[in-house]
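For reference, the structure I am asking about is given below.
Per-chain numbering from 1; labels A, B and C assigned in written order.
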């Protein structure tokens, strides 16, 4: 299932009675900005987040933005309650997956998922300890920095040996892992997050609901604009889309079908997949029109294999959105920001978030 | 000077062979002439290896006092003889960079497959480059960047402990810089595509399909050329034609220059 | 208008020259970098949104297009050519951002001057067809659409081939010039039927090689780069209100195709 942040008290869900509704017995969830002790101390002491953010940036990025998201979320939740479409209870991830495929609830979904990534990102950070007399690395980058070659020498982390060995197994070495992480984040242009996830080695089809899965491999996954790593929903899309196709066929034969089945949910990955299958169907119908070039491409295969039916457990989120580096590092500072960020990752929290590692010889399927 | 047959032997051999096999039906006008009067000089210029002492060699000027008060009115035979015949030989130019290039492209043969523009606006693009960093505004990132950066590191940079880089270390360090930049660019391209798709971008065809199509155009041309070449090979079976004499064609250049001849040949003769 | 120094043609012979993308010169660049744009930008924010960002985009564009087929092309031409190529999307990003940002800054002026200009009657007549009766409605529509957008993007007022003028919001680096890359959807959450059908329709159009004739009239930058320093992370709404008041409508009126 979805793992929420490591510390149990970071999210406070306060059930309270809805005053606006006639049916006052219905419970409504409202949210507060998750508590983050490190950041709150920083805010009170008016000090920078050593090694990564200035005090002003922390205030903007966490407190101002977080509060804005929380307010918007609560406002939209309440509004949806008033219209009586649906009502939401429970934690953030529950709300995210509930609202995922409904255009009317887009605002709730977006605010909730952004809030979730924000919390997940900041929870695994800790201020770096600066060497005595060393200049603070929080500095605006200049024009010349575009030409600089990223450095990956002398990487030291306080990862525990088990995590190191898992990373070496999955990525080759800590150095390669760092390069991949930073390069993925550099590639993101707009809002987006790079996630370190543990990937279940068996497809979900073979796992029962209670089965936690076997985690054998670590991987990096990008999500954009507040997309969440939601193993359940992503993998479920495949089944739903197949159902949709069969429904569609039924519709072609003039049969009636329930409206909610029409609701097509799918991610882009699956839509590529869809194309392939549709083509195959067409091929069955008319074999003459087959085009050898449009047979399933490597991309289709990749998408099909990489996402569907895999369970992901996120362990680390690296927020690569422009706002994070613009305030302190300027337009040219993304690379520098990400390099500093690497120094501020609390690996003990990452280790704690990861599921137990399964060592096994056979992977996939 | 001995008669040089090397320069013309190949073309005489081959033409004779083609005539015999009927690939070429008419004797070219020059055929008998060249056969009777092979050129006496070797037309292939042999490169000369310049050594540093060559330029440093001083003409030994020994001054003799003219005891007999005689005056020279003409040059002796030996003085008339052309001494510096080396001047007519093309010097073999050797650059340090070439060795680096050789190593790099041997290790990374696919780097040669990257298209390269040879035109420069003024021919001084390298002077605009500052090899303090590998990325250059005036030059695409390619194998040449590694070479130039290696030389820069060798000449200008020192290791953290203050010692100089050895050639091997400098090359390695610049090679890894190159890998890092390429990795970043490749990742940027992948992520940009994925990101675009997640915002609803669609593409008329995938890059694979595009490449297959593009490749097919070249294959179509090549099939024609290959057909000609197969005929040529069959005609040449058992001939003494020197190795490498089969005309190698760039696919761009279209069919073989012998096309006309081959077309005239009836299939039975092949 | 655009930034690439293009090869000169001498007596019919085209000289192939290599050139760099440079930040185009804005008329009031000097003044704006000293004083900012009154009514919307401080000098620091102007530096971030234009001087630095445009330089960043164009330098990266130069670095990526050096020695490629895009080398001697304007950002606009690069947009059109790279849009359909799956492996050149990073190049597309820099070209599209640079082009959009230039469109955006071309139409800005100080608030006092901007208030003296207004949309032409012709433009307003077309907008009325979209239920935008006056400038105030247009303003509130733009502010509402912009501030309810998550993530980065652009707001355009575009003219379709059938002469309709509509608002278009593109996510990230989306361009109005090609439907396949307009990126008007957000598929990062779930996908509903409407957007699914929308994508399918786009795919069909792309497969048929359909062409696009949409042109932007007005462009508004929704990227964090455009407001974060002056307005803060939550300041998009305030920023949009201010920036709307600083639009030089004379520029927009001229962009409308008048025949």
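Methods note: a contact is a pair of C-beta atoms (placed from the backbone, for glycine too) under 8 Å apart; a residue touches a chain by one contact, two chains touch by 3 or more.
Per UniProt, the chains are B = 37S ribosomal protein S25, mitochondrial.
This is a predicted model, so every value here is computed, not measured.
Trainee: Any chance you could check whether B-C or A-B wins on number of contacting C-beta pairs?
Mentor: B-C
Trainee: Using only Cα atoms to place each chain's centre, name the chain farthest from chain B.
Mentor: If we average the C-alpha coordinates per chain, A ends up farthest from chain B.
Trainee: Taking the mean of the CA coordinates per chain, how far is chain A from chain C in Å?
Mentor: 29
Trainee: Once you find the CA centre of chain B and the CA centre of chain C, what distance in Å lies between them?
Mentor: 46
Trainee: Using CA atom averages as chain centres, what separation in Å is found between chain A and chain B?
Mentor: 52
Trainee: At least two other chains touched by the same residue of chain B: list those residues.
Mentor: 135-137, 188-189, 191-192, 195, 197-199, 206
Trainee: Residues touching two or more other chains, restricted to chain A: which are they?
Mentor: Residue numbers touching two or more other chains: 146, 187, 189-190, 224-225, 227, 268.
Trainee: What positions in chain C touch 2 or more of the other chains?
Mentor: In chain C, residues 59, 63, 90, 93, 171-173, 186-188, 195, 199, 203 touch at least two other chains, as defined above.
Trainee: Would you mind writing out the residues of chain B in touch with chain A in their complex?
Mentor: The touching residues are 133-137, 177, 180-181, 183-184, 187-192, 194-195, 197-199, 205-206, 208-209, 212-213.
Trainee: Note which residues of chain A are touching chain B in the complex, please.
Mentor: Counting only chain A, the residues touching chain B are 146-150, 152, 179-180, 183-184, 186-190, 192, 222, 224-225, 227, 268, 293-294, 297-299.
Trainee: For the complex, give me every residue of chain C touching chain A.
Mentor: The contact residues of chain C facing chain A are 48, 52-53, 55-56, 59-60, 63, 90, 93, 148, 150-153, 171-173, 186-197, 199-200, 203, 223-225, 228-229, 232-234.
Trainee: Contact residues on chain B for chain C in the complex?
Mentor: Chain B residues touching chain C: 115-117, 119-121, 125, 135-142, 185, 188-189, 191-193, 195-204, 206-207, 210.
Trainee: Flag every residue of chain A that touches chain C in the complex, lowest number first.
Mentor: 60-61, 64-65, 68, 96, 99-103, 106-107, 109-110, 113-114, 143, 146, 187, 189-191, 223-227, 233, 262-268, 271, 275, 321-323, 326-327, 330-332
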